[in-house]
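I'd like to ask some things about the structure below.
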Amino acid sequence: MTISSAFDVGLVVLILAVGAATIAMREAFAAVIGYVVYGLLLAMAWVRLAAVDVALTEAAIGGGMTGMLMLGAVARLRLAEGNDIRTSLPVRLAAGVLCVLVTAGVAVAILSPPKTIPTLAPMVMENLAQSGLGNPVAGVLFVYRALDTLLEKVVLILALLGVWSLAPDSVWGGIPGLRVYARPGSTLTFLAQLLPPVGIVVAVYMCWVGAKEPGGAFQGGTVLAAMWLLVMIAGLTSVPSIGERWLRRLLVVGPVIFLGIGLAGMVLANAFLAYPPGYAKPLIVAVEVALTLSIGAALGLLAAGPPERV
Amino acid sequence: MNAATLFGLCGAVLVGLGLYGLVTNPEPLRKILAFNLLGSGVFLVFGVVARRAAASGLGGDPVPQAMVITAIVVAFAATAMAIALVLRLLQETGRSTLSADDPGGTDGGNS
Amino acid sequence: MKLAFDILTVFFVSCGAFFFLAGTVGLLRFPDSLTRLHALTKVDNLGLGLVVLGLLPQASGLFAALKLVSIWLLVQLSGAIVTQLIAGTVRQNGPDG
Amino acid sequence: MASFLFAAAGFVLAMVALGLLVILRRPAEVDHMMVAQLLGTGGVAILLLLAAATEAPPVVDVALLLALLAAFAAVAFVRSASGSEQEIPETASGG
């Protein structure tokens, strides 16, 4: 066994242990903390699988944003009662057997790979030069499967609409119920003053470097969202009401520009979401910048929750 | 066994763990958490598919990688939606379980 | 020259690893939350600093080296503030909170 | 050189694992919050060592993101810890 595979075995054992702890923990708070750890460890697994783009996304969303979202819920659900219901032993056993079977099935599928492994990588690499991008993952996201990426932005906005629509009628268009932790002059204020400038630089860097190396709009947008939430939690800026014009424009600017360029492609390049030859890279960078802002706004608002006061 | 297979098996176990948590845990929030675990296991399996197709001087097939990135963001959106539903349920009914019984009426101890 | 750089790397990274060990021992042995927090933050940050110092000779250029140092500075600064925050929770809720 | 760096990364991973084991077994919430610190330093060290060992400079960016989000996660932990239920305390004494 080489040293790198020993490292991998250790990492896998740790991931599984933390994952199991997340399921088995009695306290919801501890379980969510376990999940954050799990997300950050999974980012390392993605690094070992040579998928740095995915590692960045997993660290940002799996570790940071999902943790923030769930911890907010834990703090509220703590006040609820009626959590003592336990699942009976036969049900647990049956579920255990079912899960072992599912695991075994997936494991068999993994251990018996097909003779010729299907891949689109050579095709991507052949055509990547035309787009002027250096990062094949960005190439797939913005050139070959641009429709997926566009629709995903629409899904984000639809999810946000879904979250908003859960608010009572009386507070529609009001302010999201993000719990703040404001203690004037506290250390949190200092952190919220120090970290966001760094975070914004990192977000711009991620977005810019995404064309050539791992990174891109998703990662940059998530960092922006995290920094925005930090500033709001510290009480340095107030949480905007969801009816604000600028907020709604920010949410749609990315998809609208993407769609506009896609429609222009029908005229200029003979296909929806095709880029005219020679202009691919600047257009993709423009789309990425707009998407970074929109993703940041959408993720931040998703974590902030439905409006609760007017 | 190479690294890709190892992480693939890790993904398989995570799928099982997540499924177990999803079935047995009564609290909705824990169910959401377990569902995320299940989902990330599936992503990991998908990542192994990408890794096996390493070609053209790349670490892996970029197509599955791009799809996993999309999936992670969509999973976050779905999680946010689910949590908003749970919190709304709490607001409406004052409890955070999905069972149809009376709140806290299991064995008298409703503290 | 390459050898000298490699020796520097081995030396500093080993020192860093030692401090990570020391931090974990502190986490295991210290009696209450505040002292454990202290062990974790100070010693691990020093360990990370030494690891970064050890990796500098392996960096591909000035920019890469600067990036390494700025990551350490970021961890250092945010780590110090975050520790203060957590310690504040201890003071507010008591050590068992 | 690569195998030394891998070994160092594995050692730090073992230390982080041990730390996690200790932290997550303790009952106090305050101890649980320390995982942000543990991953913020140990995780960054592991990723930097991996980046150097596999000669993959983009991995350094993952370390950068991890450093940033560990601090963010810690804020989330502190905000949601029990005892901070009141939205905004009337007095700013903090004690």
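Here are a few things to note about the model shown:
Letters A, B, C and D mark the chains in the order given here, with residues in each chain numbered from 1 onward.
FYI, a residue touches a chain if its C-beta (ideal position, glycine included) is under 8 Å from a C-beta of that chain, and two chains touch if they have at least 3 such contacts.
If you're wondering where the values come from, they're calculated on a predicted model, not measured in any experiment.
When chain centres are set by their Cα atoms, the one at the greatest distance from chain B is C. A count of C-beta contacts for the chain pairs A-B and A-D puts A-B on top. Taking the mean of the C-alpha atoms as each chain's centre, chain C and chain D sit 11 Å apart. Note: centroid distance chain A to chain D, computed from Cα atoms, is 19 Å. Touching of two or more other chains is recorded for residues 16, 29, 33, 36, 64, 68, 70-71, 75, 77-78, 81-82, 84, 94 of chain D. Residue positions of chain C touching 2 or more other chains, listed in rising order: 74, 78, 81-82, 85, 88. The full set of touching chain pairs reads A-B, A-C, A-D, C-D.
Residues 2-4, 6-7, 10-11, 14, 17-18, 21, 25, 29-30, 33-34, 36-37, 40-41, 43-44, 47-48, 50, 52, 55-56, 59-60, 63-64, 67-68, 71-72, 74-75, 78-79, 179-186, 188, 191, 195, 198-199, 202, 206, 209, 213-215, 219, 223, 226-227, 229-230, 233-235 of chain A are the ones touching chain D in the complex.
Residues of chain C touching chain A in their complex: 74, 77-78, 81-82, 84-85, 88. Partner chain C is touched in their complex by these residues of chain D: 1, 4-5, 8, 11-12, 15-16, 18-19, 22-23, 27-31, 33-34, 36-38, 40-42, 44-45, 48-49, 52, 57, 60, 63-64, 67-68, 70-71, 74-75, 77-78, 81-84, 94-95.
Taken together, the chain B residues at the contact with chain A in this complex read 2-21, 23-27, 29-30, 32-34, 36-37, 40, 43-45, 47-48, 50-63, 65-70, 72-74, 76-81, 83-88, 90, 94-97, 99, 101, 103-104, 106-107, 109-111. Against chain D, in their complex, chain C makes its touches with residues 6, 9-10, 13-14, 16-17, 20-21, 23-24, 27-28, 33, 36-37, 40-41, 44-45, 47-48, 51-52, 55, 58, 60, 64, 67-68, 71, 74-75, 78-79, 81-83, 85-86, 88-93, 95-97.
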